[in-house]
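You will see subunit A twice below: alongside subunit B first, and alongside subunit C after that.
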Partner chain A sequence: MLHIVNKSSFERNSLKSCLNTIDDTSIILLIEDGVISAANNVNSYMLADLAADSRVFALQEDIDARGISSKVADNIKLVDYAGFVDLVVEQGTAVSWV
Partner chain B sequence: MKISIQINEGPYQHQASDSAYQFTKAAIAKGHEIFRVFFYHDGVDNASRFTVPPQDDRHIVNKWAELGIKNADGSDVELVVCVAAALRRGMLDESEASKNGIDGNNIHPAFRISGLGQLIEAGIQSDRLVVFGD
Partner chain C sequence: MSTKKFIYLNRKAPYGTVYALESLEVVLIAAAFEQDVSLAFIDDGVYQIIKGQNTDGIGMKNFSKTYHALGDYDVNKIYVSAESLEERGLSVDDLMPLTYEDEDDDWAEKTSIKIISNVQLTKIMSEQDVCLSF
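Up next is the complex of A and B:
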């Protein structure tokens, strides 16, 4: 399952809710302001654990637009919109935490 | 693969419509079929043919409209606007305008007004439904 988070954790609790809810095989894609959580100085141990397991992705275009491309945390994989489409196709049901 | 899109926010205020557009374009480029794009809640404002952004800004409504004309295998992308959400926000097509005795209409011809059943059908008929909102 693909969980799409589009809000910064400074603004909403959607990432936290998502992290507390998802099962062991689901992956997370950060888009829009959600990519702020991909910065290495925004600490979330749960997200880091998932990233170490190759289960966290972030949208490159939104990372670039927010000027944080040089501080993306270790193990978070960057995808473009084509990669976003591939994740939707590969991961089955897509849930947007809007 | 058949993919449908739901958009819950209007243009320019939120990124939802822009993200959805980029996603839809990428999906079409990859050869997937976009079964339907459903505009719900404030998302109905993406269908206003009266939208006039500054010249150096993207024209979101026209971008969606152009997408409706050319799709993956030549078939049209269905741009569907929720009727209840549209009417309460003053978004009407010709038929709804005359039905409600209002002397104008503002839905872009590339879009069509329909009911919530179309969203449910999109969910059933498509392999994936991706929601963009705020």
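Up next is the complex of A and C:
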């Protein structure tokens, strides 16, 4: 299942709630203000293990808009809008943690 | 016209919500009315003034360039939370160089940005007539 998170982990608990409910096959896509969680910061520990398992993606366009492309944490995979669509198609079911 | 001291607290990242852009609009209005305007960037608001923002891919206006105009509106008190930068793995080097020309010093170009602690922000806020949070 694809879990889409679009809020900053500094401002909302949606990433935390998402992480509480995922299973071993789930993957996470960070978009909009959610990409702040893709940058190296004090909340990076939340996603480090999943990223090491190649299960965390972030939308390149939203990272570029926020000027944090040089800050992206290790192992987080970047996708463009076409890659976003591919993830949705591949995973079948998507949850948006708005 | 009477002048009041305004401070605008900017707490949200840009683009994901409209707060950052709306705050900037209101700041420019207050500045146009020649009020004493200060800005504070705290929490995710620090992302509003990160340099190198490129919105080509998301189809939204890159309004970060507008912050460079603040100096020309005599808005030159821009406070940035040291704690908020630190938590986000950011430093002053990641911020846009926002400057103004000091008319009392032969129009020398000076930085408008001051990195402050939460304690300093408390004091600055206590000195204001109006405090608006976005």
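Simple rule for what comes next: the second predicted complex is superposed on the first by the 95 of 98 C-alpha atoms of A that agree within 3 Å, B and C clash if a C-alpha of one lies under 4 Å from a C-alpha of the other, contacts with A are read in each partner's own complex, and residues count from 1 in each chain.
Operating definition for what follows: a residue touches a chain if its C-beta (ideal position, glycine included) is under 8 Å from a C-beta of that chain, and two chains touch if they have at least 3 such contacts.
It should be emphasised that the depicted structure is a prediction, and the values quoted were computed from it without experimental measurement.
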Subunit B versus subunit C as contact partner of A:Glu32, first or second or both or neither: both
Which superposed partner A:Asn41 touches (first subunit B, second subunit C, both, neither): second
Contacts of A:Ser96 with subunit B and subunit C, given as first, second, both or neither: first
Residue contacts with subunit A in the superposition, subunit B compared against subunit C: C
First, second, both or neither for A:Glu61, with subunit B first and subunit C second: both
Partner chain(s) touched by A:Ala82 [first = subunit B, second = subunit C, both, neither]: first
Residues of subunit A contacting subunit B in one complex and subunit C in the other: 6, 32-33, 61, 80-81
Interface residues, subunit B side, partner subunit A - complex: 1, 3, 8, 15-16, 19, 22-23, 25-27, 29-30, 32, 128-134
Subunit B partner contacts - residues on subunit A that touch it in the complex: 4, 6, 31-33, 61, 80-82, 84-86, 88-89, 92-94, 96, 98
Touch list for subunit C against partner subunit A, complex: 12-17, 43-44, 47, 50-58, 60, 62, 64, 87-90, 94
Complex contacts: residues of subunit A adjacent to subunit C: 6-8, 10-11, 32-33, 36, 39-42, 44, 60-62, 64-71, 80-81
